[in-house]
Amino acid sequence: MEQFLNIFLGGLLIGGIYSLVSMGLSLQYGVAKVLNIAHGEFLMIGAFVTYWLQQSGVEPLLTVVIVGPTMFIIGFILYRTVFTSIRLRSAHPGIYESNSLLAAFGIYFIVMNIGILIWGTTPHSYTYLNQSISVGGALFTQNRIVAAAFAVVIGIAFYLFLTNTRTGKAIRAAAQDPATAGLMGVNIDFVLALCFGFGAAMAGVAGSLISICYSLSTAMGLGYTVIAIVVVTLGGLGSIPGSFIGGFILGVIGSAVSFWEPGLTVASYYVIFIVLLLVRPKGIMGR
Amino acid sequence: MHLLEGEKVTKYFGGLAAVSEVDFYVDEGEIVGLIGPNGAGKTTLFNLISAALEPKPGIIKYKDKKINGLKPYKICRLGIARTFQTVKIFGNMPVIENVRVGSLFGPLVGLSTAEATKVATELLEFVGLSKVAYTPARDLTLAHQKRLEVARALATKPTLLMLDELMAGLNQTELLEAMELIKQIQKKGITIIMIEHVMKAIMGICDRIIVLHHGQKIADGTPQEVANSKTVIEVYLGETSDAGNK
Amino acid sequence: MDFSNINWKRAAIQPGIPILLLVLVAFAPLYGSGYIVTMFTYFILYIIITVSWTIFSGATGYISLASAAFYGVGIYAAAMFGERMPFIFVIFIAGFASFVLAFIVGAITLRLRGIYFAMFTFGLVVLMKEVIHYWEITIEGTRGHFVIYQSNETIFYYLLGIFVVTIIVAYIIRRSKFGLALASIGENEEAAGHTGINVTMVKIITFAVSAIFMAAAGAVMATKLTYIDPGVAFNPMMSFSPALMAIFGGMASIYGPVAGAVIFSYLQELLMTGSLKNYYMLIFGAILVATIIYLPSGVTGLIQNLWRRFKGARSAPTRG
Amino acid sequence: MLEINNISAFYGNIQILWDVSLKVNEGEIVALIGGNGAGKTTLVRAITGLLPIASGSIKFLEKEIDKLPPHIITELGISHIPEGRKLFTEMSVHENLEMGAYSKPAWKKKHETLERVFKIFPRLKEREKQLARTLSGGEQQMVAMGRGLMSIPKLCIIDEPSNGLAPMVVMEVFKIVQELRDQGITILLIEQNVRHTLEISDRAYVLENGRVVMEGDCATCLASEHIKKAYLGL
Amino acid sequence: MWKKVFKYSIPLTICLILAVSAVLVAGCGGGGVEEGKTEILIGASRDITGPQAGFQAYGFAPLYKAWAEEVNAAGGIDVGGTKLPVRIIEYDDASDPAVCTRNLEKLITQDNVDFLFGPTGTAMLFAAAPIANKYHKIMLCGEGGATTLEPKLAEMPYVFSVLNYSNHFQIPVFADLIEEKGAQTVYICYMNDLHGAEYRLTAQSEFEIRGLQVLQAKSIPMSITDMDPIVKEAKDLNPDVFCMFAYPNQNILFMQTAMALDFNPKCILVGPGCNFEFFNLMFGAALEGVCGEGAWNKNSSPAAAAFAEKVTELVGMGNQDWWGAIVYQSTLEYLQQAIEEAGTLDNDKILEVYRTAHFQTTAGEMWWDIQGENGGGLLPQECYAGQIGQWQSGIFEVIDNDEHNTAPFIYPKAPWPES
């Protein structure tokens, strides 16, 4: 029972963060149609900014307020400068998708290496809320519970934003049919850039949350990108609730594999991904 | 024996039947027209025959052999060639290369390169594109691109040629030329099944017309029969009277 | 036979210059210092990988990120069989193993839409790395293998041989009926299918053939590395490099990928060996983004455009 | 109200529209008819700003609109009800309608407009919470039209509303179009269903191969030999 | 016709220009004939921007640099009568073995270095050793060790492995220590790379020989961020001894997790990393009784005391390495004396000296244990200052069961302090 709680609750806790990262990618890939392989790099930058601010005495959870908007602006500008022009130059959506994938790889190299030049390659960490709490005999540190709670709150808040506001509805409309959304008077370039910005902001915030419970290094990004891609495929392309739930599912699977054999965790994500692509590319929530 | 025969051909997209239980046949040497309003399932039916899609359920027979589920290239090599509603040419290749692809890969026994070039040149002559043989295909006008598709289809040495809206968007002169071209193709002994909206063309050259509506066949007969059919006038040509009440 | 149509000058120049260059490079070990041989070895390596990448991905537009997997298969073949048999057999085994792997991967994935194919192939590289790594650590209790080593000149000439074969095969594929089929698939897959091309087979076979050269090059390079582990063998950079080099060089002709490979491996030589590895990666990324936005047809495309414009400007007065 | 002067437009290298001129006066239903590929949809794309025109001008309420982006044109009061309905299938009927009122001025009044739309299409009120993809074809067309009205348009471009609908439903749709005109909305109706269209319209333009081949009031058109032959199959 | 010629000749000309310029540039860099040596060049491919970069930058590099400066300040190394200064050329490989081999080739064939220093880490050493041997350059492998390299050393006469590693005395010593104290069960967690794999294999066999039960041997990936599963499982199994064979970052993570989840076995061995002073600064009192691989400290000998002060000054507080520093320094001193004895830079002549000579160094008398007939060398156990260390009141005490030890082994360790 304790073992089960350890695996299951531990999976849900990390799953909360996976959800947040994946919802960000879902916006970028599902709506803006950019398979942003540099997604994890925004997370890395977010984590390091938090680390940096924490070192100069700022409460880590408060840095979310700085990291989120900053990453949003960076993502927004990036989309307007790089991806909009790729989109306008591409003859058809297929070319846009593959070119933006390659451009995202370029951005991945750029951002990661800027990170390395600033922060080096050695891992960093700080301790914050490092006491543990017992849940039915299973121990969890406070920082994880706080981070997961934060992630879930942000995720739900964003979902409410999507369903209840004018801009949120425009994003959902653009996700389903950008051309028609344009007919409704939605400025598509703007909305797609907005989505990309929100995606980057979510990655950044997830990075901040990760930094309060795990150690960080400039090479951490790609791992989270992979997780996000798997979750987005799992949850169904462009489905925000799908990504949210998918994050928890992958968290639990990852947790179970880690308990059994930590060396195979990453491999298990790829196996899930490959099987999904072959068997059900639409994802569990896709139609 | 019919050249091509379909029994209860059906195709669902999602929950919606795009083509439902359509029986049809095409005899050797005929020109068959396939008409119906937008969304009636004409192109879907074409896709089912040319194996871009697989009917579920239903049987399509060609020369008395079941051809459901074959790959498109097999269908092509059996002798069924097609053109597309929205042109699908190889835009960056020269015109003649487009046709050569057809003659190199289309027939059951492929031609040698030299023969293929010869055949391609002849076909371009036939459809009237020899002047632009070496320009990239994407630079042609829409009418010429459609002709190019016909030439490419002919290069595969088909018994049955399927033309999807060959005449859409053509002007009066081009239209007449296209009709002439179709007649010429028929003279070569090739059976034709064509989707068309231009009534004049359909009525003028088809031996038989099949009318689809909402995925169902509502009429099948000579142009005269179809034009006089009450159902067709109601649902397709648009009768003024109380059509809605029936 | 009619000889009047043959353009003798062109016939001499067209293969002439590449052959001259090849001879020049082939004798590098005789006149160059030890390091020139090593440097040229890397140039040739990247040309092989990039040209063979272009054989499939350039023609069909399917972005394959599996190059590293095939290269890695070659490396592992050398590590496993290098000591047991003559090296030339090892190269053949590497090529064959890679062919089979690519064939299987192609058969199950080439029906995936473009971007999914790219993701799948990338996943394949990482998965192979992780699984072999795990196998070595937990089952064998070690990581990596030693590879028999060979003199720099031997390695150089092996690679040169593979290079020549790759270029010839790429040229033949481009010029043959098969190449026409590939180009048709790249232009419009659906129409190609309906024109009688066995789309799936053509794609799978090309994919598998292009993998042969990558693996063969990997097998040779393994002897240069002398010690290999999954991280070296399945380094994702080997997947990105050919894509960038080909796109940067331009894929309309064989020269494009060659030029791209030479430029980048020289840049790599300047920055990566030395202490600017991270700057290399940074520049690599920046050029990748810039190329996609500003140079869709690559350097060779740009030069051809400029040349056309230059020629146009020069001949304009005579026309007017 | 809408004035199109001698425009041409291209897709890639192919010219689709040749010197097309067209006028819509306030309070009219103007029909634009023509076969597939005649250039109707291209013309609409040019008006709504989705396709740049090569030459000529488009004026709406005396204002040049041919260089404006689509969302601004929508705000000016042109609403486009697209061919094939193009609903946001994973959103509810209510949300689809709300999207119609996306432009800022319309958003402010969306509750009142919604009431009006529900008055015209009472059936939509019953289905308010349903996902759009669960509706029948006719209902979907109603959502599309309702959505078009949500932007409080001055000019409504309705693209092939009868497409793929059962004959009975087609009649209903055309009735609604007339109703809209009676409520003071100017309409540019694009149709293949020539007879019905000409019956409810005030004036008509016939587009063939990207050129306007005939214009005039509907009675004349219906009587024309050309129309009879080419479109009515008589 | 000329159009066609132009069409093909332009791309070809570009290729030609590129190729020729490449030849020229490379030629200028590497073609020089050496004549009248003015300095002794030592090449190294190091992890400057890779995962262990911090240790390279603060822990290891300053020692080598300081040695070179010291030698140069004294006028250089006496090579057959002329004193030549020493220069170290460092390239970055970011822990990528492929780049490392390429760097070494560049150092040897283009920069014409006289000697090589080994790269950082076990796997890197594997990649580097064959290259050194291929080009007949003496290589002093500092920060790495590899059991599987041992049999190969017999065929690698130019490779000298400096550091003590798993079966090269550390784990056998540790196994003796815990066996003596009556430990029964062990949990092993190891990094899934060569370093971890080797320690795990050695540890498993050494423990089992002595009748200790290995409850679990689990590998963790380099990228691990969550040690909870490992620590929770270990806590369930309740071993007497917990061994963690991973790098500092994972070890720090383990320490934090073990404290947070209150996992406190009788003995904990973590390393490498534990041998650095920063572990002490980071964990303070919590580190009491934690063992690590190494070791030496200021109590090892008077020379060591002086060297400890020098090291602190060189690398700064926190970066002192209580495992390798003293050996690296001593082998450098050995190299200098060997060159002077040989009176030439000819690697083969110097090799002769290496095979037989004993020299006095900071760590005491030093000589090499030559493998096979004429192979490379390992240091014998007597030449090390210690094998296993344990933190006791802020000092990394040597606890070996021989004359090297500076303090007795404390078993069981103290509980974690209340936070």
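In this document, chain identifiers A, B, C, D and E correspond to the written order of the chains, with residue numbering beginning at 1 in each.
Operating definition for what follows: a contact is a pair of C-beta atoms (placed from the backbone, for glycine too) under 8 Å apart; a residue touches a chain by one contact, two chains touch by 3 or more.
This one's a predicted model, so the numbers in the text were calculated from it and none came from an experiment.
Peer 1: Chains in contact with subunit A and with subunit B: which ones?
Peer 2: Joint contacts, listed by label: C, D.
Peer 1: Of all the other chains, whose mean CA position lies farthest from subunit D?
Peer 2: Of all chains, E has its centre farthest from that of subunit D.
Peer 1: Looking at C-alpha means, what's the farthest chain from subunit B?
Peer 2: The chain lying farthest from subunit B is E.
Peer 1: Give, as an integer number of Å, the spacing between the C-alpha centres of subunit C and subunit A.
Peer 2: Centres of subunit A and subunit C (C-alpha means) sit 33 Å apart.
Peer 1: How big is the gap, in whole Å, between where the Cα atoms of subunit C centre and where those of subunit E centre?
Peer 2: Taking the average C-alpha coordinate of subunit C and of subunit E, the gap between them is 37 Å.
Peer 1: Which whole number of Å gives the spacing of the CA centres of subunit A and subunit D?
Peer 2: Between these chains, centre-to-centre, one finds 41 Å.
Peer 1: Could you state the distance in Å from the CA-based centre of subunit C to that of subunit D?
Peer 2: Each chain's C-alpha centroid was found; their separation is 53 Å.
Peer 1: Mind pulling the subunit D residues that touch 2 or more other chains?
Peer 2: Residues of subunit D touching two or more partner chains: there are none.
Peer 1: Which residues does subunit E have that touch at least 2 chains other than itself?
Peer 2: 49, 94, 192, 219
Peer 1: Every pair of chains that touch: which are they?
Peer 2: A-C, A-D, A-E, B-C, B-D, C-E
Peer 1: List the residues on subunit A that touch subunit D in their complex, please.
Peer 2: Within the complex, subunit A contacts subunit D at residues 166, 169-170, 172-173, 176-177, 179-187.
Peer 1: What part of subunit A is in contact with subunit C in the complex they form?
Peer 2: So the residues of subunit A in touch with subunit C come to 35, 82, 85-86, 89, 94-95, 97-99, 101-103, 105-110, 112-114, 116-117, 226, 229, 261, 263-264, 266-267, 270-271, 273-274, 277-278, 281.
Peer 1: What residues on subunit C touch subunit A, complex-wise?
Peer 2: The touching residues are 61, 63, 108-109, 112-116, 118-120, 123-124, 126-127, 130-131, 133-134, 137-138, 240, 243-244, 247, 278-279, 281-282, 284-289, 292-293, 296.
Peer 1: Quick one: which bits of subunit E touch subunit A in the complex? Just the residue numbers, please.
Peer 2: 49-54, 94, 192, 218-221, 223-226, 228-230, 232-233, 236, 249, 252-253, 256, 259-262, 419
Peer 1: Okay, in this complex, where on subunit B does subunit C touch?
Peer 2: Against subunit C, the touching part of subunit B is residues 50, 52, 71-73, 75-77, 81-82, 84, 88-93, 97, 100-102, 104-107, 110, 113, 152-153, 156.
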